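Each of the next two complexes has chain A plus one more chain, namely chain B in the first and chain C in the second.
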Partner chain A sequence: MLRLLRTYGLAMVLLTFVAFPLYWMTLTSLKPQTEVFRVPPTFLPATWTLEHYVNLFWLTDFGLLFWNSLKVCLLSTALSLAVGILGAYALARFNVRGKEAYGRLVLLAYMFPGALLVIPLLLLFRELGLTNSHLGLSLAYLTFSLPFVMWVMRDFFASVPVDLEEAAMIDGATRLGALWDVVLPQAVPGIIATGIFAFLFAWNEYLYALILISDESLRTLPPGMMRFVSTTDTNWGLIMAASTLATLPMALAFGLIQRYLVTGMGAGGVKG
Partner chain B sequence: MSQHAPPAVGTHPAEDAARPPIGSRSLLGRLLDQHLGVILLLPSALTFLVLLVFPLGYGIYTSFLQRHVLDPEGVWVGLANYAWLFSNAEFWHSLWLSSLWAGVAVGLQIILGTAVALILHQPFKGRSLVRGLVLFPYMMPVVSVILVWMLLYNALYGVLNWLLVQSGIVDAPIAWLSQPGSAFWAVVYVGVWKYFPFVVVIVLARLQVIPQDLYEAARIDGAGAIARFIDITLHQIKDVLLVIALLRTIFMFNNFEIIFLLTGGGPLRSTMTLPILVYEQAFGLYEMGRGSAIAVVMFLILIAVMTIYFAFLRKEQD
Partner chain C sequence: MANVRIDRLHKEFRGPTGTVHALQELTLDIADGEFVSLVGPSGCGKSTALRIIAGLEVPSSGRILFGPRDITKLEPRDRNIAMVFQSYALYPHMTVRQNLEYGLRKRGIGKEERARKVAAIAPMLRLETMLERKPRQLSGGQRQRVALGRALIRDPEVFLLDEPLSNLDAKLRVHMRAELAALHQKLRTTMIYVTHDQLEAMTLSDRIVVMNHGVMQQVGTPEEIYSRPANRFVAEFIGTPSMNMIEGELRIEGGRPVFQGPGIAVPLPQAPPRMPATPQATLGVRPEDIALVPPDAPGAIRAKVTVSELAGAERYHFIELGSGSVILRTPATTVLRPGETVALGLDPARLHLFAGAGEDAAALR
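Here is the complex of A and B:
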C-alpha cells in the first residue's frame, strides 16, 4: 500500500514536470493579451478567449506556413519511405556483398550533423536551382529521414518470419510479388510508425529550412514561427496558439501509434 | 499483427533468409535474387551518393578554401582554415562547451529516463495514460518547445520566476537566458526535458523482457531491494544504457536548434557550441571555408565515437 502511494506520488511529480509546459502553452493561448502579462499569473484564464486562434489565421501567414510545412514533410516522408523500404528489405533478406558495411554507412549517415551538410547543400542546391524550392528542402530532409527509415525497417523486416514469403514463392510468386503481397501488409504498422517519425523529424527541422528557403511565400513553420517573436511587442498569446497548433498533428499521430512507438524509437540499432 | 516483436530487442532471426531461398532454385534463380538485392539497394545508394557523400566531399573541399557565400569559386588556402581554428581560443571554448553540454545533458537524460522507466514499470492505475503523456516533450515540435520555455523563463512575467520568488527560493526574478551563469543550465534543462522520454521508451522496453524468475531467485537467496536492483536490473539494462548514452551523446553534440533558438550562443558566448560556431562563421560572417573546417572537425569526432560504438556492437555479437 505504502509502495503504491509512493508510486502515485512519483507519478504526480513526473506529470507536473512533463506536463506543466504543455499546460502553460495551451492556457496562455486562451488568455487575452493583457492577462498574459499579469503578475501574479492566472493559472486558469480569468477570461477565456479564442481571439489568438482567429488572429493567427486572419492577421498572420500561419496558414500558409502550416501548409508549406505539410507539403515539404509529406513529400520527404513519402520519398524516404519508398526508397528506404526497398533498400531495407534488400538489407534484411539478401546476401549482397558489402551489405554490413553499407548498413553501417547508413547508420553513420543518420548521425551526420546538420551543421556539416548545410554549407555544401546550400552551395550545391544554388547551382542546381534547388534553393527556394519545396522539392529541394524535401531532398535535404532525405539526408536524415532515409537513413532512419532504412535502419528501422531493416530490423522490422528481419522480425517478419521468412516462412510466409517462402510459402508464397513455392506457390509461384516472384520475390517482388512476395514482398508486395505478403511482407508489406504485415509491415504496415511498422511502416506507419516509421513514417510518423520521419515526418516528425522533418516537421521539427529548423536549420535547413532557414538556410535553403529565403522566399517568404515558401517559408515553412519552424523559421516562420520564430519570426513571430522578433516583432517589437511579442504577442505571447498568439505565439502560444501557433505552438499549440504546430503540436497538434504530432499529438494526433502519436496517439494513433502509441502501440508501435518502440519500433520507431529502436532506431540506431538499440539492441537487447 | 501479433508477430511484430519490437525489433529494438530483436536480433536478426531472418538474417540467413537469403540462403538460396527455396529448394528448387537453380543457379540462375540464385543469381537473379542476388541482383534483385542490388537493384533494390540502388535507389537508396544513389540518394546517399548525391545527397550525402558528394556534399560531404564538397564540404571537406570547401574547408580548404577561403570562400565568401556569394563567391562562386573561392581561393585555395590549404590548411589555413584549420590553422586558424586550432589557434583560436573561441574554437577550443566551443569544443569544451559542446562536450560539457552533451555530457551533462545526456547524463541527466539517462538518470532521469531510467528512474522514470522504473516508475512506469510498476503496475498502477492510469499507467498507460502516464506512459503516453511522458512522450509529449519528445514529440512536441522543437520550435514550440523553445517558444514555451522562452515564456516560462521570462524575467518579467515568466511563471517560473514567479513560483521561485513566491516559494522563497530566490529573492528576485532571474533573467535565466540572458546571464552567462544561468543560460547554460537553462538550456541544459530544456535539452533534458525534451529528450529524456527517448531513454524512457528504450529502457522500459528492456525492463519488460527481464525474466521475472531472476528476481524470485534473488529474493529466495535473501537479496534486498537495493541488491536486486544493482545485481539484476542494472546488470540487465547496462548494455542498453551504454548504447543510448553513445547515440544520445552524438545527437546532443550535434544539436543546433535548442541552444541557437534559446540563446543564439550567448550571452557572452557562454552557450556557443560547435554547431552554432559553424553557423556564425558560415552564415553570420559568410566564411564558408572556416565554417566547413569546424564542421569537418565535428565529423571526425563523430567518426571516432561511432568507431567505439561499432566495436562495442561487434563485441556484443561475439
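Here is the complex of A and C:
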C-alpha cells in the first residue's frame, strides 16, 4: 500500500512537472488579453475567449507558417527514413571494412552541436543555391535526424533474424525485395519511432530555420512565431494560441503511436 | 530435378584471429533424387557447405553444378532451390497462406494458379484449417510443416534442409522424421540434409557424409558408415552409445596379430594387409558387439561391472576393462550387479582397428 502511494505520488509530481506548462499554455491562449497578467493569476479563465485564435488566422500568416513547417518536416522525415533505413541496413548486414568505425562516426556526427554547423552550412548552401528553399532546410535537418535514424535502425535490423531475408531471397526475392517484403514489416515500430523523432526535431528547430530561410513566404513556425514578440510588446495570448496549435499535431501523433514507441524504446522486442 | 556435383569446394573466413578454413576441398556427387545428409559436430563445415549450395555464402574456390548447369555464381533466387531453416524462418507478418504463396508470387505466378497450388499442398501437410493464421498462432510442429510446405510448393530442383527438426521436442521429432522420409519417398526430389543428429542422418539418408573440422571424413550408405567407419572420428560419432575405444599396440606374437591394450590382449583373426609403421593402435568395438560368455570360454576377458543403466528395452553396463572402461549393451532382461565380475567375449569379425590414437586414425582393413 505504501509502495503504491509512493509510486503514484512520484508519478503525480512528474506529471505536474510535464503537464503544467501545457496546461498553462492552453489556458493562457483562452484568456482575454487583460486577464493574462492579472495578479493573483487565475487558474481557470474568468472569461473564456477564442479571440487569440481568431486573430491568429485573420491578423497573422499563421496558416502559411504552419503549412511551410509541415512541408519541411514531412520532407526531411521522408528523406532521413529513406536514406537512413538503407544505410542502417547496410551497417547491420554487410561486412564492410571499417564498418564499426563508420557506425561510431555516425553517432559522433549526431553529437555535433548544431550551432557549430550552421554558418558553414549557410556558406555551402548559398553556393549551391539551397538557401531560401524548403528542400535546403530539409537537407540541413538531415545532419541531425539521419545519424539518429541510422543508429537506432541499425539495432532494429540487427535484431531481425537473418534467416528471414535469406528465406525470402531463396524464395525468389532480390535483396532489396527481401528488405521491403520481409525485414521492414518487422521493423515497423522502429521506423515509426525514429520517424516521429525526425519529425519532432524538425518541427521544433529554430536556428537553422531562422538562418537558412529569409524569405517571409517560406518561413516556418518557430522563427515565424518570434515575430509575435516585438521590442515594445509581447502578445502572450497570440503566442500561446500558436503554441497550442503547434503542439496539437505532435500530441495527436504521440497518442496514436504510443504503443509503437514503447516497443521502439525496447529495440529488439520486434519478435513480440 | 537434377543431380548435384560439388567440385573441390573451399571456404575460408578471414578474421582478426587469422584464417579459418570452414570447408576444405569438398567433392561430392549427389544423384538425382538422392537423400544425402551432411553430419558432424557444430563447426564441422556442414552448414557452410549447405549455405554455399544455397548461394547464401560465396565459396573461396570450387564449383557447384546442378546437372550441366554451373550455378556457383548465381544468386539464390536463380538457383531453383528451396531451403528449410532450423528456425523455420516463417514470415511473421504473413498468414500461412501468404507464407506458402510468397515464392510463387515472387516468380510472377498468377493468383488462381497460386490458390490451386496451396490447395494441393495444404492437405499433404495437414494445414487446410490453418491457412489464415499467423505463424505465432501455430505450434512448433505446425510451423515446421508450413516451412516444409513453403519449400515444397515451389517444386524445386534441389531441396536443402538445415537442421529442420532440431527445434522440435523429442516425440515430435521422431514423428516428423517419418513424415520427411515418406515425403522423400513420394517426391523423389534431390534432398541435402544437414544435421548434428547422427540418428536422423542414419534413418533418413540414402548416403551420409560425415564431416569434421571442414574436412569430409567419409561418405557412404548408413550401413557402410556404421559397420565400416573409415576412421576413429566417424566410428565414435556414429552410434549411441558410441563405440568403445581401447588404445594400445598392434603386435605380431608367434606369427599371429595381437592387440595389446592396458591389461588386456585381444588376438585378431588376421593381420591388416599393410602393417602400420608404428605399433600404436586403437581397438574399437561397438557396445552390442561385446557378449557375455561363460567364464571358461576360450579368449574370455574377465572384468568388473561398475554401473548398470536401464534404457527401456535395453541396458547399458559400464565395465572396467584393463585401466579403462567399456560400455556393454544388452537386452533389459540381462541384469548385472555393480561389483560383479563377468566374462566378456569380443566377436573378432566385428572388431575395428585404427592406426594410431588420434581422431583421424584411419581404419586398418
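Following the convention adopted for this analysis, the second predicted complex is superposed on the first by the 260 of 272 C-alpha atoms of A that agree within 3 Å, B and C clash if a C-alpha of one lies under 4 Å from a C-alpha of the other, contacts with A are read in each partner's own complex, and residues count from 1 in each chain.
What we mean here is this: a contact is a pair of C-beta atoms (placed from the backbone, for glycine too) under 8 Å apart; a residue touches a chain by one contact, two chains touch by 3 or more.
Fair warning: this is a prediction, and the values are worked out from it, not measured in the lab.
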Margin query: Between chain B and chain C, whom does A:202 touch in the aligned arrangement: first, second, both, or neither?
Written below: neither
Margin query: By the touch definition at the top of the document, which applies to A:257: first (chain B), second (chain C), both, or neither?
Written below: neither
Item checked: Partner chain in contact with A:39 - chain B first, chain C second, else both or neither -> first
Notebook entry, point to check: Can A:213 be said to touch chain B (first), chain C (second), both, or neither?
Noted result: neither
Next item on the list: Using the superposition described at the top, determine whether chain B or chain C touches more residues of chain A.
Entry: B
Note to self: Between chain B and chain C, whom does A:166 touch in the aligned arrangement: first, second, both, or neither?
What the structure shows: both
Check: After lining up the shared chain so the two structures overlap, which partner does A:11 touch, if you call chain B first and chain C second: first, second, both or neither?
Finding: first
Checklist line | Touched partner set for A:182, first chain B, second chain C, both or neither | finding: second
Next item on the list: Kindly list the residues of chain A that each of chain B and chain C touches, one partner per complex.
Entry: 161, 166, 169-170, 186, 271-272
Checklist line | Complex interface listing, chain B residues touching chain A | finding: 1, 3-15, 17-19, 21-22, 33-34, 36-38, 40-41, 43-45, 47-48, 51-52, 54-56, 58-59, 62, 69, 116, 119-120, 122, 124, 126, 130, 132-137, 139-152, 156-157, 159, 162, 166, 193, 198, 201-202, 205-206, 209, 239-240, 243-244, 247, 250-251, 253-254, 256-257, 260-261, 274-275, 278-279, 282-283, 288, 291-292, 294-296, 298-299, 302-303, 306, 310, 313, 316
Next item on the list: Would you tell me which residues of chain A are touching chain B in their complex?
Entry: 4, 7-8, 10-11, 14-15, 17-19, 21-22, 24-25, 28, 36-41, 82-84, 86-87, 89-96, 99, 102, 104-109, 111-124, 139-140, 142-143, 146-147, 150, 152, 155-162, 165-166, 169-170, 175-176, 186, 189-190, 200, 203-204, 206-207, 211, 221-222, 225-226, 229, 236, 239-240, 242-244, 246-247, 250-251, 253-255, 258, 260-263, 265-266, 268-272
Checklist line | Residues of chain C that touch chain A when the two form their complex | finding: 54-56, 75-77, 79, 81-83, 85-87, 89, 91-93, 102-103, 106-107, 136, 150, 154
Item checked: Residues of chain A defined as touching chain C within the complex -> 161, 163-164, 166-174, 177, 181-182, 185-186, 271-272
